[in-house]
Amino acid sequence: MPEPSNFRIPIGPQHPALKEPECFSIVLKGEKITSMNVRLGYNHRGIEKACEERTYIQDMYLIERVCGICSHSHATCFVQAVEEIAGLEVSKRAQYIRTLIAELERIHSHLLWLGVAGHEIGFDTLLMYTWRDREGVMDVLAMLTGNRVNYGMNTIGGVRRDVTSEQIPQILSAIDILEERTKYYIQIATEEVTLRERLSGVGVLSHDDAVHLGAVGPTARASAVDRDIRRDDPYAAYGELSFKVITDNHNDVYGRTLVRVGELMESYKMVRQILKNLPEGPIAVKAPRKIPAGEALSRYEAPRGEDVHYVKANGTDKPERVKIRAPTLANVQVVAHMLKDRYLADMPIVIAAIDPCFSCTDRAISVREQGNSTAGTMSWPTLHSYSIDWYRKQGIDFAELNKKFKIRGALK
Amino acid sequence: MSEENDIQQELTGQFSFSIDKVRIQRVRRIFAVIPSEKFAEVFDYAVKKLKFVILAAITGLDEGPTLGFIYHIARENGIVLNLHVSVPKENPVLKTITPYFPAADAYERELVDLLGAKVEGLDAGFRYPLPDDWPANQFPLRKDWKIEMLDKKEVTENA
Amino acid sequence: MAIALFNILIFPGFLFIGVFGMLAEYIDRKLYAMLQNRVGPPWYQPLADFIKLVAKEDIVPEQADARVFTLMPVVALTGTVTAFFCIPLWGTKALFSFNGDLVVVLYLMTIPTMTYFLGGWYSRSVFSMIGAARSITQLFAYEIPLFLCVLAPAMLANTWSLSEMTVYYNSHPWFGLFNIAGFVIALVALLGKLEKVPFDIPEAETEIVAGTFTEYSGRLLALFRMCIDVEMVVGASLLAAVFLPFGMHYGSAVGFGLYLVKVLFVVALLSVLRTIFARLRIDQMISFCWKYMAPAAFLQLLADLIIKGIHAS
Amino acid sequence: MIRPGRMIREVLESLFKKAATTKYPLVKAVMPDKFRGKLKFYPERCIGCKMCMRDCPSNAIIIRKVGEKNFEAEIDLAKCIYCAQCVDSCPKKALESTKEFELAGLDHEKLKVVFSAETEDTVETKA
């Protein structure tokens, strides 16, 4: 039995606070966290290695699946690097459409975050309402691209689907509703007392620490670090749009919330600008299958922060090397710093406040651990047959049931 | 592109390697190839004097007889300097850059796990990103590594 | 003897209160969903959950104290149902009534919390132990305001018996209005007792998985969940008897209807309250209870004493 | 201004609104026009260039020659990631995305669908 005043508790690999498997090992003294270790790597899927064995077109879809929420970010970042190596001139219209999808993705990601933040502090009502309103932007994305996530919008040399003139008023009306709702959420975030209590002064990251530890995205901007790739290193159509970079000096989770809702308002503005100034022209240029030898580094401001892709081509139709640096990898290292000497209860919201996306972070290789049948542990097949036996003893035979009832949803 | 040219001039002026080793690929992108013995010096100069204060990433490459490492460092205004350094594969030793950038810890662990680099000054800690029971001397991002090289049983179990 | 057994086991005993508890859970969940603009569960969902859990295997952790671990759900359920018998429901007389039963009811209603503590602690899982420690910490915060504001109407009625209190308030109906502040405080304290948002700290899902109940499964978990439902009904019945003692002298039929309405009204209020707040941290919860709730409860007590003084003179 | 229970009005108003969620399997979900669902293959249009096979990121499609100018396609719905790159790659528009999305099943083998030109209409047979 552990010493009651000094617990070591595992948060993950499976834990309700985490939507993806990572392990935060926390040492507690009473309710206070005294130290913390982060163990990443549970989600490695070997994407970088796999990219070397596939063609550029195949890689595009693979990289889109690095992460579900910021799928357009990764795909665009990769495609931009490839286009730079191949020397392709992407049309203005394609650039604008890419930017449009990017901003819509930011809107959906930030609304998603707001809901998750609500859930982490036990405010499920906020989760339900933000996710309900998020459906508005999801519908727009589905209308434009066909799918709610993994849009498949990019291709090397442009985009795959055009924005038609009938779609524009629909997008604008959805954006109007979302803007109205976002104003309401800003009121909630600044006025609801329990929310303020749970967010203010939690997960403090000073300006100097944010710079020193290399925080990126809204996490850094909430500590008054004025960095945004969209402005500093403009790509796609961002050089032609006018927008503010939202920063905040609260340095805590409350500041991060304000930065994100502020960015939502900026994104609505940008979407309107893009739709107003959408240039005419082709949406894609023909890309060669074989990309000439060369290298390129592409940076992209994903909803979670700076996304970096490095691509090295060797003249064949397959890349020599693809390196992905997802924003969460830069941010996860500040979590341990922010949680020191804080309450256990603040742990979920502080981890959530960087908007972690561990699928993005881990990419390299996956090997399943061997299920060992030592005392106390059951391997998966043993457990499976054990459960069937147990139910059979209770008089429920799943094998018979399966035969009796046609399971709904089976292929017609 | 005057600022990029200034950086190019300053680097070539300060260090005695020839100008064709520092290449301006496009606006805000500078690639430089640096001999490994000069690396610490150049890196220090780039970070402290030239104000490349953001670490974007570290890329590791398998270049046949050598392992290549590219340090992507950036200025606040978006200019990225890519410092390419190669070390022999038999003894791929690097010096850690965590004193400059604590966040480099994860990137360097990745080089250690996936490419078999030896990083001096990196403290022992958790592995990242491979599992703890990963066989020694198998580095998946090397070109000669194939999935079959893993213990067969481990891969097929539970599949 | 047969009647007593019928009373204990069937009406208004275990069977009735179990069914009523499930109904209250359904109302709570459905209303919670509707307040969040969702469809919500169908009417049979609490029953389906119960049947599913009963059909599952009970797993007792190897390190847990098996006797305490398996005994606690039973003790919790028995304690709450016993409290139910002492509360006047649809008449002015409870099933078992004696002078001082108010204190006994309040005492019996702390039993579930104690069992959460013991069950969690003897699970020997870190999450359960933290949950157990939290539920006992929380107990000391909400119990004082709850006791004080339930005792205030008793002082006014000059009796320690719940049944006699309802008789008093039915003959002096306007006096019930003096206790509205107490009703609000008791409602908030009840949120703490039932471990609902914003006081669901002991079972905060995103922090400590399920707190006390992390290791519970199968029939034992079904009993615990049933106990929570029953606790909600008993708590609501207590509040209804103490703060809403109207129309209890019209006879059983009217009284029974009124009783259902009152209890479901309290349950609905609890649902609304748990919809609009975020979960507090344990330190914030304790300081809230001691800084605001306990003084407010004292004021209620003081007000009732003054009214009693004026009325007597 | 800070006040507790800021959302109470919105929450109570919801009682009188239609729920935002639906009872999904009972109420059908409508897919957008550009939705990339289960693929459809037109054997008569196929020229056997196998560009779709080459570009497929997950090797889910196999084009087989079954006769003179006659090809059949085997699509593994379990492998397919529904990116519709094959639809873009096909020079003769022999492939098409449909709006069908409820493809879950219990038998992996049944998820391999073969499209061939054995009859006038495009028939779909299980492999």
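Note that the chains take the letters A, B, C and D in the order they are written out, and that residue 1 is the start of every chain.
We adopt the following convention: a residue touches a chain if its C-beta (ideal position, glycine included) is under 8 Å from a C-beta of that chain, and two chains touch if they have at least 3 such contacts.
Quick caveat: nothing in here was measured; it's all calculated off a predicted structure.
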Between C-D and A-D, which chain pair is linked by more C-beta pairs in contact?
A-D
Chain centres computed over CA atoms; the one at greatest distance from chain A is chain C
Can you check how far apart chain C and chain D are, centre to centre, with Cα atoms defining each centre and the answer in Å?
51
How far is the middle of chain A from the middle of chain D, if each middle is the mean of its Cα atoms, in Å?
24
Please work out the Cα centroid separation of chain B and chain D, and write it as a whole number of Å.
42
If a residue has to touch 2 or more other chains to count, which residues of chain A qualify?
125-126, 129, 132, 192, 194
Multi-chain contacts only, two chains or more: what residues does chain D have there?
4-7, 11, 20
Which residues belonging to chain B are in contact with no fewer than two other chains?
none
Any two chains that touch count here, so list every such pair.
A-B, A-C, A-D, C-D
Using the touch rule from the top, collect the residues of chain C that touch chain D in their complex.
33-40, 272, 275-277
Parts of chain A lying in touch with chain B, wherever the complex brings them together
37-41, 44, 46, 48-49, 52, 84, 211-214, 227, 229, 232-234, 295-297, 299, 306, 308, 310, 312, 320-321, 323, 325, 329-330, 332-333, 362-365, 367-371, 379-380
Flag every residue of chain D that touches chain A in the complex, lowest number first.
1-7, 10-11, 20, 25, 31-36, 54-57, 81-85, 88, 97, 102-107, 110-111
Considering only the defined contacts, which chain B positions touch chain A in the complex?
25-26, 28-29, 31, 53-57, 59-62, 70, 72, 74, 76-78, 80, 82, 101-103, 105-107, 110, 113-114, 126-131, 133-134, 140-141, 143, 150, 153-155, 157-159
Show me the residue ranges of chain A that touch chain D in the complex, using the header's touch definition.
54-55, 57-62, 64-65, 125-126, 129, 132, 135, 139, 142-147, 150, 152, 155, 160-161, 184, 187-188, 191-194, 196, 407-411
